[in-house]
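Here it is, the structure in full.
Order of writing sets the chain letters: A, B, C and D. Residues in each chain are counted from 1.
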Amino acid sequence: MSEIALELKHITKSFGDVQVLKDITLTLKKGHTLGLVGENGAGKSTMMNVLGGIYQKNSGEIFLDGKEYTPASPKDAGASGIAFVQQELNLFTNLSVTENLFITDMPKNKLGIVNRREMRRTVEEKLKEVGAEEISPETIIASLPMGQRQLVEITKSIMAEAKIIIFDEPTTSLSNTEKEKLFGIINKMKEQGKSIIFISHILEDVFTHTDEIAVLRDGEIISQRKTSEADAATIIKEMVGRELTNIYPTCEKTIGEVVFETKDICQEGRFDKVSLSVREGEIVGIFGLMGAGRTEYLRCIFGLDPMSSGEVIYRGKRIQPVEPENCIENGMALITENRREEGLLLPKTLRENIVLSSLKSHRKGNGRFFMNAGKERESTAKMTEELRIKTFDPNEQTAGTLSGGNQQKVVFAKWVLSDPRVFLLDEPTKGVDVGAKYEIYTIIQDLAKQKSAVIMVSSEVEELMGVCDRILVMNNNRFTGELTKDEDYSAEEIMKYAVGGAV
Amino acid sequence: MNTLKKLKSIDAIYWFVAVFFIAALIFVPGFANLAALERLLSQGCVLIILACGVHLTVLNGGVDFTSTALLALTTVVGGSIMSTKGPLGGSAGALFLGLLVMVLLGLGFGIINGFSITTFKMPSFIVTMATQMIVNGLAVVYTGGASVTGMPSAFAKFGKGSIFIFPYLLIVAIGVAVVMHVITTKTLFGRQLYAVGTNHKAALISGVSPRKTIFKAYVLSGICAGIAGIVMLAYMQSGSVNYGATMFNDIMGSIIVGGTSPAGGRGKIANTVMGALLINMIDSVLNILGIPYYFITLIKGLIILVAASIDLIRMERKAAR
Amino acid sequence: MKKEMLRKAFGIAMASVMAISMVGCGGGGSSSSAAPASEPKSSAAPEASSAPEEPSSAASEASSAVESAVSAASEAGAEASDITIGVSWCAIESQMWAEYQNTIKAECESLGVTYTESVAENDVQKQNQQIEDFISQGVDAIIIAPADGEAVVSAIQECNEANIPVIMANRAAGEGCEVYATISSDNKAMVKREIEYIVSITPEGTKYRCLELVGSLTDVNAIARQEGFEETIAEYPDMFELVSTVPTEWKGDQALAGVQNTFSADDTVNFIFSPSDALLPSIISGLQQLDKYAKVGEDGHITLVTFDGAADAVDAIREGYVDVVSVQDATNQAKLCVQAAVDAAAGKEAQDYTDAGFEVSSQNIESEYADFTGY
Amino acid sequence: MEKVTARAGKAAEGKRAKELFMDYGIYVILAAMIVFFTVQKPNFLTISNILLILRTSSVLGIACVGMFFVLIVAGIDISVSMNMYISAVVGGTLLNNMGMPLIVCFIASCLCGLVIGAINGFFVTKVKIVPFIVTLATYSVARGMALFLTNQQMMFLDNKVMGLASAKFLGISAFVFIFLAVVIIAHIVLTCTQFGRQLYACGNNLQGANKMGINGPRTVWFAYMICGTLCGIAGMLSACNLGVINPNFSQGDEFVVISSSIIGGASLFGGKGRVFPGAIIGIVMVQAIINGLTMIGASAYVYTIFRGVIIFLAVMVDSIKFSGEIR
């Protein structure tokens, strides 16, 4: 059983002058699950891309089933039996499930005409295997919810008859039930003798579902050991290179009166009279499974998605119209879960990013038109220092060159600078490494300390319990439960509400 | 060391212009005299102004085909108002009314473009293509195809006069360019424009309204077309529906050669002005050398390709660092 | 890494290609003045110039003027060899202009004059720039075939300032500038006379239902021909009825579609007016597809009236398919232009010349214009 | 609770009606146009006239099909018109100067178009310049080359091309059959082959496609080459149709082709559009406007305005349909 499926020996890879992979040596046994953990920027994605044939390694050797393996293209990797389930789904939203699954090798006749019937049959079979028989093979991906899309992605790896399947952060966009389903499938695959590499930020998952754990830091494999012999504290220590004593910061603050309310929010086909209120200095968490409507609720009250009726009120004053520009003018801020696409101007400098939402207050004197460049630089310097953003020069460095955690800090800096009183945070620590997470929690606590009202959406129950003063649970586009910090925080309770309270 | 670094950081377009200019001075007979330079400068004015306007729309990832058609429409409408043969007999009032109407026409169609693009979320490519047809059609209907002549003498003086070798028209063009430069680099709108051009969604979520910003860009482009119409009318002393017929490629050429990213979010007005001067100089020099026009067309096409390739390579190197 | 290298190398290659092409063109440009362009149809030129002598008095005068000019030029041969003439073309899009161009080139060569040209693709502004560039270039005389006579005035004014004589070819300039000589034909008047000629040869009681094709609506010359046609047929309401007016932008495919669409709407159309011979091949193709391309006198013949006098039009007349063409004597005009330019450079008196043109029809081609082949 | 569902049901119904209108909005405009022209001139809606419209549409229709390929991969090709010009010139030269049979000339035209398309594809996929700029540049280059080859003169084609231009089968022009054949083949390629589906995939998410093992750059490159080849055919067909190649041959047709494709349902943002019936409807609509205006004897001055307005309206309806998306 301890036969080796995949072996990496002293792999190096550099881009220009930057050496991303210094020395990767790793073994994966047949029928085993290997958990791969590491901070963002440790080199996980690069390593996977080398395995997947997207990048070519500079030196070192890879052995697949004892044979040397040098993939020149993703197609090579697929042919050799390596499949990927990516963090960002690689599905084509304009094509059907079947077409997505067969996109690189459709069965066809001599004229090149595709045999749709055969494809359909295979897909139905495979979907059943994954337990996703509710998905019709002819559905266009765009009309599927996220969780089902992930299932399609997994089906794809089954289709390839892969021997090695690499899951790269597969659970980030999944609800807990979907997660459980996923792990069920992973176990099933393992039983079939497939080997699995499981990359995740969520240590809990890694501990419960893997046979071995490898830690990657700064392009090197720090350790590889049996899961049964590992403990969380050591792993975290190896990941960050230092020990974390307290994951969640605490601070003294006073919670005041209700300052922010959303009343009877309705959205066609989704929300029907959903209300919420937050006090001054309070951090309210919203928990919900995938598709419960948490993200949608934030986007709705911020005016990003249409709102058919309802009121958004800050300090007794109704915000109208509910449009991003107006909401911001009235002291609201939204940090979306997708910072690269919705949070940052990647090719622009940190300065341009940081002053973006407070451009109007950086105008010259009382003028309407002209910008005060000096003031912009001043504010930027102040924010980079306050939030400890690592940069060589905020006026020169572009946001795209920062690591995930630092990028998220830039997004925070942008909003902290515009001094809003109501923060809407959607998965503020998504894709952020452990060290940076801590700093982001500190920033959130600081905001509350300075009498802001904070609403924070997260998929990690633990995180919410650690940070929030109150947790609201959402299910099927409604709030189904409410818990406060001092009384009754328990993960089980929260989960009960999240699945509809009918347990 | 420091000066070398500084020299290196100067955008490529300045080198192109300088090298080409010096080479032309040395090698092209008839180029190196003041009268010729003055002519060269006055030829470039319209292109500079139009390119500045379209530059704004390119900055947010769009394009404005309407501007060349607007150029023609404003010259015939404005020309017919201020003409000595017109109903107002070329009086001073007529002159000012004409100028006003030209700018307002540009503004009007800028508003139509901006409104359709932002309200109906129509692709700018198609919207401005359609309005270009409409504007062109209107110009033809207005004049019946004939050209408009008889500009008042004051306007003629404005069109032909110069200070040393700098024509008044160039001063107008530089004025427009400076205003646009200030707008893009020093104002709130400028920041918003670059932000929207770089990342539409992030700008929206950060409280910068892409709708308002894009709308303003097209309105400004329209106004630029109106001003370009005035300069054209002054330069040619007649209005014609034919103006700008083959100009669009030169406009895009100026912008691209100036290093502006056609995907939006990056590009400087000053470089676009340099690009316009370069394109204009290429035209002139090759004409003077007696090179057939189809080779000029061909060369200009190649230059766009080369400039865009060089720009991409530079950007990539910068990103790799 | 490898990719980047490749791309870099490519950039360099492109730049060098550009440079080479520029150098190559430079050489080509200056040599083109010496060597005559290898033009297949240039052999037709001398015949064409001699042909119109007999019938048209204006033409005979003109050609005698040419003869005297040629003799004068040969006297001033030594002088002429130092002269450079710049020719600014509106566009070379019909055979008429091609003939014009070839004749001027040939004439310049025979007189030992240096020829240089620019083509404005019918863009008025571009033409002005190109004329200005001629001034910079320091040519001795400029021949302008304007896209728009009015709009070219400001450029001519600059020529005046620079003391470079300007000769207008084919079309007159607007007011407000000094032109050394104008060798023109009046488009509107020619069309008028052409239609009147048709009236004169048409038996009483014939009814023409007309399709009028219009050149580009942004081209003043197309407009002049359109006006000439429409005004004249309005004088003969009993004979002509305008069924449809189709804009073509001087493009063949639009002319063809226009012909087919019109016949689809109204099968009784029996008269097509084409503003230029350039559109004729497309019109003929359209008629052939409709099975309506019949000879004069045959059943179902569509009366075809056209303008310019290109070889294919004249051939079609000879074969009996086309009825009338109004001929501008491009060959003669071109020769006169060159002569005027040489005279101007030598400081001689100028003479304006209006080419009245003449009509060649299926009725007179065998008798009066038996030798005429067009260009 | 019941009330809520009832209301939701009604709302959904209203939404469906609106969606229905938006989905078929383009057909509504087309129908309105047909009714308008037919009322003005009953001849408009006759079989022979419809066939005529199809025939006039066929040349640019073929280029339209090519444009669909490029639009599907989220590209654009401005150079189509000059590609047609230079391909026609190459084909015509072989025909006139070497007396090659027509079929050889067509192959030469295709090859010429293919080369231009390949150049476009190279710069778009390998040098990664925005397609709009690349093709704008090749537009100039191709035009310059073509004018050089023709010495800026008209090029008369040998008379044998007239045979093709007036060839008919079952009373329908051969051009229509060629056009329909191209549409059908393109439709099959796009919907029933792996390559076709990969084109849509690349238009939807090029980076994703690369990761999945689709050779994205090559696929996109192929799209440009197909577009170029079809433009080559279109150019030569047009030349045969006209019997002559003027220096202004097909100038400005890039706008007609692009706008027809957009009207026909392709999107400038890629991944969308069906050649059948989209390409046919798009180009037929544009040609029907010209046909209709000619038939009702409209003033020559209104042509461009009318065309501009219709394109504007058609795209507006299409855009409102997708106005939920931020783009």
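Keep in mind that, in the parts below, contacts are C-beta pairs under 8 Å (C-beta built on N, C-alpha and C of every residue); 3 or more make two chains touch, one makes a residue touch a chain.
All of these numbers come straight from a predicted model, not from anything done at the bench.
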item	value
Contact network partition after subunit D is left out of the picture	one piece
Taking each chain's C-alpha mean as its centre, the one farthest from subunit C	A
Chain pair, C-D or B-D, that carries the greater number of C-beta contacts	B-D
Centroid distance [mean C-alpha coordinates] between subunit C and subunit B, Å	33
Geometric centre distance via CA averages, subunit D-subunit B, whole Å	30
Separation of subunit A from subunit B, taking each centre as the mean of its C-alpha atoms, in whole Å	45
Touching two or more other chains - residue numbers and ranges from subunit A	none
Of all residues in subunit B, the ones touching two or more other chains	136, 140, 144, 201, 204, 292-295, 298-299, 302, 305, 309, 312
Touching two or more other chains - residues of subunit D	127, 152, 301, 303
Touching pairs among all chains present in the structure	A-B, A-D, B-C, B-D, C-D
Residues of subunit B that touch subunit D when the two form their complex	63, 116, 120-123, 125-127, 129-134, 136-138, 140-141, 144, 200-201, 204, 210, 249, 252, 256, 261-263, 292-302, 304-305, 308-309, 312
Subunit C-facing residues of subunit D, complex	41, 43-44, 46, 48-49, 52, 55-56, 59, 126-127, 151-154, 156, 162, 165-166, 173, 238, 241-244, 246-252, 287, 290-291, 294-297, 299-301, 303
List of subunit B residues in touch with subunit A within their complex	186-192, 194-195, 198-199, 201-209, 265-266, 320-321
In the complex with subunit D, residue positions of subunit C that touch it	6-7, 10, 37, 39, 91-95, 98, 119, 214, 217, 243-247, 249-254, 256-258, 260-262, 264-266, 278, 281-282, 284-285, 288-289, 291, 312
Complex contact set, residues of subunit D against subunit A	4, 8, 11-12, 188, 192-195, 197-198, 200-201, 203-205, 208-215, 271-272
